[in-house]
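The data blocks that follow each hold one structure.
You will see two complexes here that share chain A, one where it goes with chain B and one where it goes with chain C.
Let's look at the complex of A and B:
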């Protein structure tokens, strides 16, 4: 794959590579400065899941997450990228411990930001208790890192979206960038349908799924701070932009976030569909939002405004 | 799950200086190949863990053909297989050899 591409620059290659389609390793390679990525606990160390063997399921040498350090425009960053194709990018014991360890290292060093490339359906059911504990440990590690002054940025545009415990962790981050195929939620479409019935949520209605959980809606609601087009270069630029935007974190920002969410609920709590929310936000022809190309959507979203820098 | 192991004597060592490389993902119809430069020049080993039980003969043929074609001396291949077809296996093995044949870490 790399040989005929030698003549084009890394930025051109990152621009022409879909974030959604790329593997976790390709995303990191193209997101960071060329050749700067150094992996921690790489596949050759074979830190595989201790649980999958019991279920007669295949393991992956990196347990579905790649962690390490690299550079972004010359500055050091810690990175973690989930591989959404291995068991839906789900959190198991080892998978989670790698991310917890990275966040704790970031807290100790206190100056180097962390980028988390989410691509996950949530907890790996075969490792349920260990996976749930991992989510709790990661959420704590994110908050402790942020309290120590670390910026923790989530990038969401993978095929598995960011669901279950992944959605909870994303909610703890300093800021999020999302693309159209990226979805952010806790309960997924099929979970809602199974528990509440098809009248509540039809998981086969893809348009409904995307306008309820998709990147555009999350950006307009203020859950995600930046909307990226579906290529790795756009996510790189989004990460750089967010690194410059994120303010300090403390009790005041948590109170401001609580206020923002309460205000959002009082404004849009009665809406039955995302289109009602977009209309209430003052968007003319709200029903056309899903069809808008990325550049037009970004222009629209910028008019709506951005989550206050003091919140989150 | 089924574990398979193949060891071959080969004509020549693999090129390049990288110590290890990884390609692919463990998913349905896909596999990952971890290749490491850890064996004597005239040897090659392939360790397979596969979710598809009972395909030992097919693996024997695919690995035999691969070793004959690429002469990957000095390399140990470790495969986690999610039930990939033989052509996908051949492709990933070829990608792994090409990746480790690059210079660098």
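Let's look at the complex of A and C:
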């Protein structure tokens, strides 16, 4: 017997909603405390990209990103969610400026954390220069906010993954939660194949894409801190967990990150495939990792530990 | 200008900058001013995990110990596009390099980028675009996205794209477009010694505050970014 819709608690709804499939607005609605979200420059303001019309492309009234404030377990947070279904969640001038403004406010207040729900292919081609520069400004704003004591958390599990400059912004965050479909990389599979040939990277080999760029590999590598199951409630809990774990940022964090990344290169720099890396990490039957259900994978990842804490 | 010409003109009294596998690391003392830490990517080298970790390591060995500005020379390819680099987490290595540069700039080591050749995409974000002041030299030819790739994705002809590029700096490659966007602060001249131009810059460095959106607005290249960012910031501050 199914319960009437009104009897379903928000947590149950969030638990049964795929983060991957949901829109940016649904993700925010279910991630935050019920009814707490307030948008800044919402679609009613119609602040569209001034550049897409050059290419006769449709605009979207929010330019593919929703920014605002809300509450998480009662505490205030700033949030930004990219909409991967509009232009692949790519960064354009307006899209990027909304996130920059949010981060600048967070820096000034220095108390309220920022959650970024990435869902992006990177720079928006049709406004490539504006998009690239927007990403540079966001990276600077993230680091200025973190230096002022702000926690900046990235949640990655959207359709478009977190590619290009999005991957660099993710690398600037205090901590990341990622789900299996969340992919983090700079060059996408098709870009590598186009530039270097199918021998270098076969973009149609989906298993190869997942195990090279997908959430499980990123968690095992220490590129992401927490692995979330693909539902909004799990991302909410991951965000809360990370908010409690993040320490302060400073020169020591960068020195620790240098050591962490140099160590990764010396340990795994000669590995040809993710399975070789997982095997070198001491995982028995590494080839079965892609098939592991979330709970078993999380147990395995917890054994490997968190290499990235205080080192990013 | 070749790299040797540039270094000779910048540092006529000599320098200790070594190039190894496309990566520049070292020190130099300008005619007037403090000793500078110098890093860079040369010879159109792609910026991959191996290059990035050496650059960030050189920077970190100096930050917190030495003083003086930091010069970042750029003539690179884009990020290295390979399975190995992505497997090892290239996004973290590039972000780390940018973070180190930004942190240095915020903690009393002003960063100056000098774009003297090519650069693109992730490589530009991790180097020149992570500095406080990015200078372009005549002949530099940055390209976030090249027109042939863009023609492929947009399904427009090269002619159509070139025509559109005349009316907007927002997507087309080239130094002048990045100047108009506010990404490149100024272009130096080849007719004056670079040492003199560096001296002028060092004597009057802009504050360590990101003003590229305001610059882009003033130059007519990005009319909305600064206002949108400011409006969101105000709304967020009102939320208190």
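The rule we apply is simple: the second predicted complex is superposed on the first by the 307 of 312 C-alpha atoms of A that agree within 3 Å, B and C clash if a C-alpha of one lies under 4 Å from a C-alpha of the other, contacts with A are read in each partner's own complex, and residues count from 1 in each chain.
Just so it is clear, a residue touches a chain if its C-beta (ideal position, glycine included) is under 8 Å from a C-beta of that chain, and two chains touch if they have at least 3 such contacts.
Values in this document were obtained by computation on a predicted structure and should not be read as measured data.
S.K.: Let me test your reading of the model: by the given contact rule, A:7 touches which partner, first (chain B), second (chain C), both or neither?
M.R.: Neither partner.
S.K.: Figure out whether A:251 sits in contact with chain B (first) or chain C (second), or with both, or with neither.
M.R.: The second partner, chain C, only.
S.K.: Thinking of the overlay built on chain A, is A:291 touched by chain B (first), by chain C (second), by both, or by neither?
M.R.: So A:291 meets neither chain B nor chain C here.
S.K.: First (chain B), second (chain C), both or neither: which does A:44 touch?
M.R.: first
S.K.: Touch test for A:61: chain B only (first), chain C only (second), both, or neither?
M.R.: It touches chain B, and chain C stays clear.
S.K.: More chain A residues touched by chain B or by chain C?
M.R.: C
S.K.: Which holds for A:133: it touches chain B only (first), chain C only (second), both, or neither?
M.R.: After superposing on A, A:133 lies in contact with chain C but is clear of chain B.
S.K.: Can you list the residues on chain A that touch chain C in the complex?
M.R.: The contact residues of chain A facing chain C are 38, 40-41, 47, 50-51, 54-55, 67, 69, 76, 78, 93-94, 96-98, 100-102, 104-106, 108-109, 123, 125-137, 139-141, 143-144, 147, 164-165, 167-172, 184-187, 191-192, 194-196, 200-201, 212-213, 217-218, 221, 223, 251, 254-255, 257-258, 261-262, 264-265, 268-269, 271-274, 277, 312.
S.K.: Under the stated contact criterion, what part of chain B meets chain A in this complex?
M.R.: Contacts found on chain B: 1, 20, 22, 25-27, 30, 32, 34, 36, 49-51, 78, 80-82, 95.
S.K.: Where on chain A does chain B make contact in their complex?
M.R.: Answer in residue numbers: 1, 23, 25, 42-44, 46, 53, 56-62, 83, 85-86.
S.K.: Which residues of chain C touch chain A in the complex?
M.R.: Result: residues 49-50, 53, 56-57, 60, 63-64, 79, 81-96, 98-100, 102-103, 106-107, 121-122, 124-126, 129-130, 144-145, 149-150, 153-154, 156, 164, 167-172, 177-178, 181-183, 210, 212-213, 216, 221-237, 239-240 of chain C touch chain A.
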